[in-house]
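This is the structure, below, for whatever I ask next.
Note that the chains take the letters A, B, C and D in the order they are written out, and that residue 1 is the start of every chain.
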Amino acid sequence: MSTKIGIYICECGPNIADNINIDEVIERISSSEDYKNKQLIIKPYKLLCSNEGKEYLEKEIKDNELTHLVIAACSPRDHEITFINICKKTKLNPYLYKMVNIREQCAWMIPDKKKATEKAISYIKAAINRVLHQSVLIEKQLDSNPNVLVIGGGITGMETALSLASKQRRVYLVEKNSILGGNAQSFKNLLPRQENNTDLVAKKITAIQENENIEVFTDSKLENAVGFFGNFEVTVKSTKKDQTANEFVVGAIVLATGFALMPTEKLKKHAYGKDDNVYTALEIEQMMKAKGKIVLKSGKEPKSVGLIHCVGREDRGYCSRICCNYMLKIISYLKDQSDTILIKDFYKDLCLPHKYDQEYFDTMAKKKVDFIRISDITTKKTHITYTEVNGSKKEADLDMIILAPAMVPAEGTEELAELLNVPLHPTKFFQEAHSQLNPIGTSLEGIYIAGGCHGPQGISESVLQAKAVQGKIVTQLIPGEKIIPEVKVSEIIPDFCMGCQTCREVCCYGAITFDPERGICVVNEAICRGCGNCVGSCPSGAIRAKHFTTIQIHQEMKEAIS
Amino acid sequence: MESNGKEKFTPKIVGYLCNWCTYAAADLAGSSKLEIAPNLTVIRVMCSSRIDFNLVLTTFFNGADGILIGGCHPGDCHYDKGNYYTRRRYAMLKSVFKTLKIDPERLQLAWISASEGNRYADVVNSFTEKIKKLGPNPLNENPYY
Amino acid sequence: MSNSNNVLIIGAGIAGMQASLMLAKAGKKVVLVEKLPIIGGNTIKNEESFPNLECSTCMVAPVQQDVLQNDNIEVMTLSEVKAVNGQVGNFTVTINKKARYVSLTECIGCGACYEPCPVSLQNEWEENLGKKKAIYVPCDGSLPNVPAINSGHCLRLSGKKSCNACAEACMFGAINFSDKDEQVKIEVGAIIIATGFDLYGGKLLSAFGYGTLPNVYTSMEFERLYASNGPTSGELLLRKGKKLPDSVAIVHCIGRKELGYCSGVCCMYSFKYAHFIKDKLPEATVYNIYSDICVPNKSYQSFYNKIKDSNSTFIFQSAPDIVQIAGNNGKLQVKLTAGKGSKNSLNVDMVILSCALVPAKTSKELADILGIERDRKGFFQTRKGYIGTVQTSVDGIFTVGCAEGPKDIEDSVIQAESAVGEVFSLLG
Amino acid sequence: MKKIQTKGVKISSNKDYRDSIVDILKKMLQSKSVDAVLVPMRVPAKDSYAWILVKDEKLLTEADPAAPIMPIQGARALSSFSRKGQSMLKIAALMRPCEIRATIELSKLNQVNLENVTLISYDCPGALPMEDYLNDPEKGEKKFNDILKKLDFQNKSIKPVCKICDQFSLLPVSDLHFTLFHDQNNTMFLIANSNRGNLVLKEIGMEASHTVSAWANGIQEIKDKRAAQKKGRFTQIKKMVEGFNSLLATFSDCIGCHNCQSACPICYCRQCYFDSESVTSGTDLTMLKAKKRGSISLPQNRIMFQVGRMSHMSLSCVSCGLCTDACPVSIPVAEIFSYVAHNTQKQFSYSSGENKGEPIPLKTFKLEEVKGIQELVEDAEA
């Protein structure tokens, strides 16, 4: 059927009409010999974005059976979607439509009416040339699998699994140890603001075992995961001798692999051996959980204890947020044990960000505890030499030392990131997609991070992040609903591709993979976000960005220089 | 054959603007009614990293007097690290033009964020002035090219 | 649960917008109530947000556009919740919608009506550093880009004079002086409170010379000074004396002792200001008067290290908020408690008070309306006996972001997303 | 830059250099340390050379390791069969240093698979221009043998781009290296420069026990002389290409045949962007350009093709000179491209084919490089 291009120029009340001579635009374009052999319908309208304007446009498209549409009005950032929705109501494919900004970038920007009119004509001509080179694009509908794979059976993993599992959504929980619980199970008490839910972990474990929509794989780890949001083919393998492997399809993967405390043996400033009375805070928690009191290696109760904060903070380059809180908790253990223990607490900065933290510190400060703000500290077995913040150097000899080492990602985080192609933050935790707008997603849609593996934090923050992951999955991966991926994606022309993989290496979203048999790269249209970086990197122009092809851009460029 | 005098020369400048930041700054400049030279024609692309040096070369050799690439500030890119690649491609092309001394000033890369309407106006107006001083693209005047 | 598909969200800041977008995209009907004429909350007040110094407009404007263009979200600006009764799954909410006097559908934000308006007022959105007309939008790039008329000061609406300047300038007949306040009743299944924070300030800062000494600024005032769409379009102009400051002192922990909590974000935004000042005025000397460096996120310490290396001096004070500030012929003298070897006073041109985050003024009234408890600091109290929840003492009502306590944007958005999770567990 | 090995295997000096190299290659085949050897050989018509992959040891005798001319770039020969994947055969490739550097660049672009490939280089005295050789192959042969015998690294008849080559000897990336340098009793050494090189040495029963420092100092002297010649030549090239008119004049003879593109080892694209549909301007644009300028020379875009190829090559060019050889109107393309590449690679502090690990600058970025590239663009960037 013959091409029929509809061009509608919005007067936008005075805003465009005042500074652009619309009649001259219509006259010049309809009489220009470039479009002699084409059927052009060019009409002004007072306000296209108003409701009557939309109905008028819909009628015009249907009555004239337009094959292409050009709207000359305001910025596409405001109303491109409005007119796309109108095209969707008609038979005209929404991608055979081009919007031209003649308000902000012509009428308002160029005071001289004559020049503004010239500019508008040039922009509209460019749009007509471009729209004729635009091709039909159909929005795909991918069916999605609602199930979720959660990696890590600590408090975060369990919380995510419990809040997501339902009849329509099965949750597979993979834990590398033989029991669930993770780090949180070795805490005797929680912080006062967490209202001593000592049996928190135990309750979660029983709830998981009773929930038939959650399938638990202990002593197992993720072997392989291939696919994209809504369709990950996943293999989970047991680490025991029989190495049984299970394969299933999930729609989303949640990484909740938790944290570990930084190994302090290697730290230059803290030389101590295995048998000295130097413990990390986690070891003290485990001792309290097991024995109910803090004792030296000899079994006797310590008379003097030194607590050292920010151990390894310079090496790791970040503050671990929660140590100030749990060191106060350890002081409360010691105070409950006996009031006569001499306690010296060495800290660099107090990190008390939660609204109740300062109060907790003030109550502990009232008890006989020597809080010393230091600028440097080194230990030799249980002998401490330190410089206070006012510069005076001192030494102290104590029965026991308790260290608060930096929180680091759990062992195995790097391999998991490698396997799933999820980028790591410079501090080696997982890298979130956007620290403020998408804090628990990753650059790979469908893969989420929560808890200790996201960054140093306490149990409350981890549980909050677990629920946030639930919020994201429940609103994006809805059982029975289709997923509509981005439609303006890139495609690689097999005949021109030489398999140099430059595009695969520059793609920030891992949307391009190399196909060794054919020796060419392939774009996964379900992951591609349509930025065009690969197109810009390909030396031979073998990649085409749909709706922004080089030929289409040439049409606009040609008009710009003629 | 030389075009007589610079004042009749109206530069034709092509501006490849990234949709999320610089194009938004252009809109803001428009809505704040800032006066901007009409010589620059805006071509909207989803990310400045879409513009490869092949496209810049074809634009330059087809007779554009100036080419402006507008992108988000490093770290602001909507597609994570696109603008870092843009900078390196641009720097490479700039180095070739500098070595060949074929008016490297006609190429310009500018980081303009969505809230910098007046910075967009300054960049475009100063770039247009510079191209006016530079004169037309030498290609447009050489009959034997 | 009859209307389990509707959710009310109070406050259109970054947390409120994020929650409404997620719920709307999953098919829920959201009513987003905001007391100001525009959406965006406190986040759009700052030019760049820490730690990546990403421009706020680039980050938040697409979110605002999404909220305004989403059919499932009904945005009610200039509105406040007056009464709530019923229980989870069945709340009936009465909302007072103040008249805007400008039609949201007819007006296309061309701004022709601002200039002719004869009335000039203090623009409190710009912390009174800038002026606005009786018919106004708080700042350039406001969304929705539709002005409102301040009926108290408009000559016609306050009955002083029959002025018609703006209506004549408007070619769209979008201005309607007979617009009335109205009361709307809606039925919702759940309520999310995202009313944000206010800054510790006002009379409480008089001890630091704020209000009497012109070149003492609060942190929010400095944000608006630095904003490119702000009253001075980004120039750090001093209120009195010389045009640009050569030396600036940033005093941390203002209000920490009196309120009894550290807000967790003031260190980071103070470092941001040190960076801004060095960026705009490279020769200026910047003093950060701090006690604890509170950088509770994996990305924050590296930002602090960058500032420390970029030669702005850090002065330790055991309690920064007891410094005295006095005028000293045009300059400001900041008296410090002299530690060993450290200076005991500074002479600077400008002082920025990094104030703590306090509960929004409306918190008390809103808590009574909703019947929920507030904690001893005045923020909304999350449910007792639960860890990491955003549920309040009343089923079906959640509190997210700085309404629940001072926190950065990342934690506010995480709480907003977790509230959406809990809403779905509750209403399905 | 990896430390150059200071020990080498002494090889008997009575034979002609090429025969000694062929003996070593034979030993490699016999000892099964390699399954095939890629080496140039004189064509039966005796007027050119071709690359052959030799599996049968007897045929190796006809091989001519140091060929006088470079009709096909070694890297292009190697990539032609090893692009599609790792070869099961162990291959030894005996190539000039610039061919080895081109191979490394191609391996970074996945056009060559270096698994099971042993790269053997030798001190290259340069190659003769194709044009001169083809006029009189016999004379060319005699001249090159003379150069080889006298090891005259400063001979005037070699290719112009070879005269200014300062990377003609052992490279950090080559596994084995034959030294062809004059010392008192003009002995030749074989140096192993990587684990694979040591392995092959062991398999062919050779022991690197002699110091080669005399050779190293000699080579350094020639390198310094060549570097000076290069600086001098670049100032002349600068005049040839600087400014639009001189660029036009230099390339005015260009007939747009794109021979230089097909000869170049690094031009691996199947269809060059500058031949593609999106570049050819239709009648309307051509008429417009003609109207503006008064006339337009056809075929169009020849200068754009040259500047375009210069941009693509400016990071990977190894100055091997094949483009000038291939140019029917003998434009000094190689020297111009080397000059442009020299400047751009300096800007990115990258040198092509230098080490395997270093990625090609356009494929990567550094987070904190806001300053680095800033200077280059400071004059333009507002």
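In this section, a residue touches a chain if its C-beta (ideal position, glycine included) is under 8 Å from a C-beta of that chain, and two chains touch if they have at least 3 such contacts.
On a predicted model such as this, the values are computed, not experimentally measured, just so you know.
Enquirer: Looking at A-B and B-C, which one has the bigger number of contacting C-beta pairs?
Expert: A-B
Enquirer: When you average C-alpha coordinates per chain, which one falls nearest the overall C-alpha average? Tell me, please.
Expert: Ranked by how close its C-alpha centre lies to the overall one, first comes A.
Enquirer: Where the centres are mean C-alpha positions, what is the separation of subunit A from subunit B, in Å?
Expert: The separation of the two C-alpha centroids amounts to 33 Å.
Enquirer: At what distance in angstrom does the C-alpha mean of subunit D lie from that of subunit B?
Expert: Averaging C-alpha atoms per chain gives centres 36 Å apart.
Enquirer: Centre to centre, by mean C-alpha position, how many angstrom separate subunit C and subunit D?
Expert: Roughly 63 Å, centre to centre.
Enquirer: In subunit A, which residues are in touch with two or more of the other chains?
Expert: In subunit A, the residues touching two or more other chains are 77, 506, 537, 539, 541, 550, 554, 558.
Enquirer: For subunit C, write out the residues touching at least two other chains, lowest number first.
Expert: Residues 52, 54, 59 of subunit C each touch two or more of the other chains.
Enquirer: Enumerate the residues of subunit D that touch no fewer than two other chains.
Expert: 273, 278, 281, 285, 362, in rising order.
Enquirer: Can you name every chain pair that touches?
Expert: A-B, A-C, A-D, B-C, B-D
Enquirer: Within their complex, state which residues of subunit A touch subunit C.
Expert: Going through subunit A, the ones touching subunit C are 12-15, 47, 49-50, 74, 77-78, 81, 159, 163, 190, 194-195, 197, 200, 313, 317-319, 321, 349-359, 362, 389-391, 425-427, 429, 435-437, 439-440, 455-456, 459-472, 474-476, 478.
Enquirer: Can you list the residues on subunit D that touch subunit A in the complex?
Expert: Residues in contact with subunit A: 83-85, 109-111, 268-273, 276-278, 281, 284-285, 288, 312, 359-360, 362-364.
Enquirer: Which bits of subunit B are touching subunit C when the two form their complex?
Expert: For this pair, the touching residues of subunit B are 20-21, 24, 28, 31-32, 72-73, 75-76, 78, 113-119.
Enquirer: Applying the document's contact rule, which stretches of subunit B touch subunit A when the two form their complex?
Expert: 12-14, 19, 23-24, 26-27, 29-31, 33-36, 38, 41-47, 49-52, 54-55, 58-59, 62-64, 78-82, 85-86, 89
Enquirer: Could you list, by residue number, the parts of subunit A that touch subunit B in their complex?
Expert: Against subunit B, subunit A makes touches at 75-77, 101, 103-106, 108-112, 115-116, 118-119, 122-123, 126, 443, 488, 506, 508-509, 529-533, 535-539, 541, 545, 548, 550, 553-554, 556-561.
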